[in-house]
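Shared chain: chain A. Partners: chain B in the first complex, chain C in the second.
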Partner chain A sequence: MNDAVENKFILSHLWVAFGAFILACFMGVYQVLERSGFIEALTSPSVYFASVSTHGVLMAFVLTTFFIMGFGYYVASTSLKIPIWNKPLAWTGFSIALGGTVLAAIPLLIGKASVLYTFYPPLLAHVSFYIGATLLVVGSWFWCAIMVVMFYQWKKANPNQPVPLAMFATTANALLWLWTSAGVALEVLFQLIPLALGWMDTIDPGLARTLFAWTLHPIVYFWLIPAYTAFYVFVPKQAGGFLFSDEMARVAFIILVVFGLPIGFHHLYMDPEQASGWKLLHAFGTFVVSFPTLITGFTVIASLEIAGRLRGGKGLFGWIGTLPWTNPMTLSVILSLLMLIFGGFGGLVNASYAMNAMIHNTAWVPGHFHLIFGGTTIIMYFAIAYYFWPILTRKPLFSDSLALIQLWTWFIGMAIMTTPWHVLGLLGQPRRISSVAYNSLLTLSWDPYEFVMIFGGFVLLGSACLFIYNLAKTQLSSASAEFVQQVEYAEPIHAVESLPEYLNDFKLWNKVIAVLMFISFGVPILQFFFMDTFGSSGWGY
Partner chain B sequence: MNQLSEEERKRILESAPVGTWVLLLTVGATMVVAWLFLYYGVFLPRGGIQ
Partner chain C sequence: MHIDPLERKWAYTALGMAGLFVSIIMVDALIHGINAPSHVETIDSARLHLSEEFAEDNLGVKVDAEGAITVRMVAGRYSFYPKHIAVPSETKVTFRWVSTDVLHGVHIPMTNMSTMIVPGYVAQVTTSFPKPGEYPVLCNEYCGLGHDHMWSNISVVAKENWTAPTNAPVTGDAK
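Up next, the complex of A and B:
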């Protein structure tokens, strides 16, 4: 169903995403070097914070948003077998998001928006940063609207038919993003932009942090859902088997969306503006979200087990060895799940209300989210890119072996970089600081770990360069008229003929989300309008 | 790809994923032990904030 114009449109999204990614990788290596204090010439807090803010925005907002939009458009048109609805609107969304990215990048790169990607006030950036970030989000809302329209167009044309799983997951992600981005949109529109423009003298950081917490955790699932989607709809087929259960996948996505939203206060355990009871409520919700991950782990590994046994694997674990380890998608899912185990464990520690005090605002936290985001999620973005590139460009991948080397080095580099990062957190090294060179006995004991992290950072940068090189060489190679590759979606073991409406639509779940969000965020937000709080003037710009 | 008879193929598709269960239970148990170690072995011995 995909024509050349649609392919170009999707590739445009993916190139913006990966362009941001490679730029951010170079910054990451600078940051790990600067922060170690080993090279005095590099030491500069102002450059460090400009870099770390840009790195965070490029990775967490630009790479993800553009990748997810491109991925979603492709999945929608190929799984539903209909063209992308309203292409001019889709291009408008892309242009707005890209324009916003450029607008935000300017103050970031000249050090006028060194507020980190969480931009917690009273840190204040130049107003163009906030306007740019808002436009990026607004552009992505066009994508959300198009996904929802295509979902219902297909349902109308195919009454009582199960929506293809890939599109069900993608629409779930679009709805999740609409819900979750509302929090940061409120913060930026009613607090940060007015403050940056001088329309307000002070800002209430407590309210701002509460609104950002609305966004901050479910945004992780927005990033993760394309990876989970690939787990379910591409991996079983690529491994030579079948999806263990289509219904279980839908249940996982629904729980992820419904319970992934009202849990953001585990980022605020140490904050004074919210009472302990609300934090505890969000803590319970956070643990509930481990269920869809367990369901996903089970369903995907069971699918791999079936594939391995169909390929001749015997015994309890003999199927692991017979899996096609040289298939990039299969290799990626194995490495991704391995990183999910360790990253997920770190997440359980973060979510534990008491134990969080031990690692809160320490190096443990970036170690954790690099493992989950940079590891589990991004390695699947690589796998999807390797799978899509030959289809979208109509040219064979430049080098399969290079792709395998890249995936392995990414995994190894991530393990080398994040393991000492976690240890440093347990040793008490704070995060969000530009330098650790205090020359006390405590900080000197951190040096070996810093050294290992630098090595890991360089391995990751090399891997990232290999990735871009492989994609670019593929795209720039001469076209072959006879090369045609089609996307293949995995079939479930038991074909799904019909589904109850609650597994095939989101109307009920939107109502449940509304209720849960009101319970979890209603009083915590409204309280700011009924009690005296003290504003802070902005600083940092 | 291994050549399987239709009967073997059907048996595999209908069999319980025992390896997956064992793998996940092992990972789950290890995570519980690791969490307990961090809680009782690292977190509590640090004591209250001085």
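Up next, the complex of A and C:
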């Protein structure tokens, strides 16, 4: 599908996403500088916390949601070879999400919503922040509905045929997001907005945190699934080989969705309002979801090995050298997997119920998620952008070598910035502080790491600017209008002729999720209505 | 469905690794009793000054008749009260933390003392401090624009040198 209207529609989503991204990168550099306390003139908690709140919202909600919607529309129309269903509805969803973003951005930027992107009631932001964030999510629900409709349109027209893997993964993500966003939607609609409008005098922060935890873990899979999708459906072809296993990819996506949902309490390990049995249950589930990631690692590396050997690689490791390291998609997957190994190691510590106490709410935690999100996930967003831009704009990429430099510098910058955070976390530095004002000798041991962190931040900002520059130059260039390139999906090495229905549909899995969610969250949520709880009034900050 | 024999082996290996990690966590939690702070206990944060337990005179380090040490602390923007406490090393200490306003979190670097403090709930942690020294007590959850300035101090005193606070209602044979 290379319809000009659809291309414009998809580019609109991606530009909103990357516009949010570059703005948030500038804020990130300001934050590392301010936080270190090395530059006296920058010190300002009110600007810092407004910036951190905005950086979080832009990166975690705006960049991701718009990127995932644009990516999903493109995958749906090209892998199914049918036009996007109901374009007016799709534009409506885009407009609602964009309107919500603006509505939330205004209080954020003027310091009226410095409650961080995790809301933290009973701190109270301006009500338009909550309404804007809700509209962003509501807009994304339009996308979810369109993905599900297109999935079934195709299935109806192609009975008993395996749904293309790219669309299977995208629909899995749409369903995941519907389930995921329900928790935070309940919190915002029944607690935060009524409190902010004065309809309610108090809310229970314990219940609010429980509902937010429902959303807080699976949302990371919502962000990650497009990266995994690219691993499976673009990388093998771009590297010059075949996908090692189509079926195991489906198994991985199903387990991610089903077990990614009922495990949010690993964000509440240190919380007093939930009992240890529930936390242990969620800890168990957390280790179950390491399984699809380990399977993905295997399948992707095996696919790369096929490519490397087809290109003449010999011996145990010879195939690594023969991979096309100068292909942005191939380079990205290698860097992305390396970040996944570093970040995954830290994640095992966070997930470990008791060990987590050592690093809870310290600088270790942003170190971990900047590796997995800023590293693994965003590197693949870059790769997808470099792959899609020439196709969508019908112009060759402005500079391939700039793209390679950008990917390498992003990887190196992220490693430089996050390593000191891990060390600082072990040395006890809290996350979310705007200065190091403690009257303690301990803080002396933090200084050298703060220098390294700042350096990493600048490398990342430089890399982010190169990325935007390359995309903008591509789109604005006056290159020939005749440049046409098609997206190519990887072929599995063993063709999939037929699939059991449970690997080709989600009806069964929705029922399984409903049961698991009831088991994991039923009593923990209902307890607040049976216990003698005391509400908290809203507070400024 | 086609699964390559090598991938099948890897899948079992992956499951084995996850199983090993989960087993260690479960043994620690269920047999050794190492648990995250999960004492589901509610309290009215707006009326702490009227509650028996967290009235001002009861805050800080207290030793009961059996010699058990309990530390009651109130977190409020922007400090932990009392501002300074002293506890013995290598001795079990039970902390009971409450918030008088918003969400806080607290940890003492280089120790296992860490918990969230959610308004409306009592956060209880029992731990011991192996190494004597002066430690900061840091707020680790964003609680407002003065969050950076929210800390207090704890002295961990070698247990042979530690004496119970004089105003503590010490009874029995506690050291």
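The rule is simple: the second predicted complex is superposed on the first by the 535 of 541 C-alpha atoms of A that agree within 3 Å, B and C clash if a C-alpha of one lies under 4 Å from a C-alpha of the other, contacts with A are read in each partner's own complex, and residues count from 1 in each chain.
Quick note on the criterion: a residue touches a chain if its C-beta (ideal position, glycine included) is under 8 Å from a C-beta of that chain, and two chains touch if they have at least 3 such contacts.
Nothing here was measured: the structure is a model prediction, and the numbers come from that model.
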item: Chain B versus chain C as contact partner of A:Ala302, first or second or both or neither; value: both
item: Contacts of A:Gly240 with chain B and chain C, given as first, second, both or neither; value: first
item: First, second, both or neither for A:Val349, with chain B first and chain C second; value: first
item: Chain B versus chain C as contact partner of A:Glu273, first or second or both or neither; value: second
item: First (chain B), second (chain C), both or neither touched by A:Ile341; value: first
item: First, second, both or neither for A:Gly312, with chain B first and chain C second; value: first
item: Contacts of A:Gln153 with chain B and chain C, given as first, second, both or neither; value: neither
item: First (chain B), second (chain C), both or neither touched by A:Pro122; value: second
item: First (chain B), second (chain C), both or neither touched by A:Asn510; value: neither
item: Chain B or chain C, by number of chain A residues touched; value: C
item: Residues on chain A lying within both footprints (that of chain B and that of chain C); value: 244, 294, 298, 302, 348, 352, 354, 357-358
item: Touch list for chain A against partner chain C, complex; value: 45-46, 49, 114, 116, 120-123, 204-206, 209, 244-245, 247-248, 268-276, 279-280, 283-284, 287-288, 290-291, 294-295, 298-299, 302, 348, 352-354, 356-358, 360-362, 427-440, 442, 494, 499-500, 503, 527, 531-537, 539-541
item: Of chain C, residues touching chain A in the complex; value: 1-4, 6-7, 10-11, 14-15, 17-18, 21-22, 25-26, 28-29, 34-46, 101-103, 105, 107, 109-110, 112, 114-124, 134, 136, 138-149, 151
item: Complex contacts: residues of chain A adjacent to chain B; value: 240, 242, 244, 294, 297-298, 301-302, 304-306, 309-312, 316-317, 319-320, 322, 341, 344-345, 348-349, 352, 354-355, 357-358, 426, 493
item: Residue ranges of chain B in contact with chain A within the complex; value: 1-2, 4, 9, 12-13, 15, 17-20, 22-24, 27-28, 31, 34-35, 38-39, 42-43, 46, 49
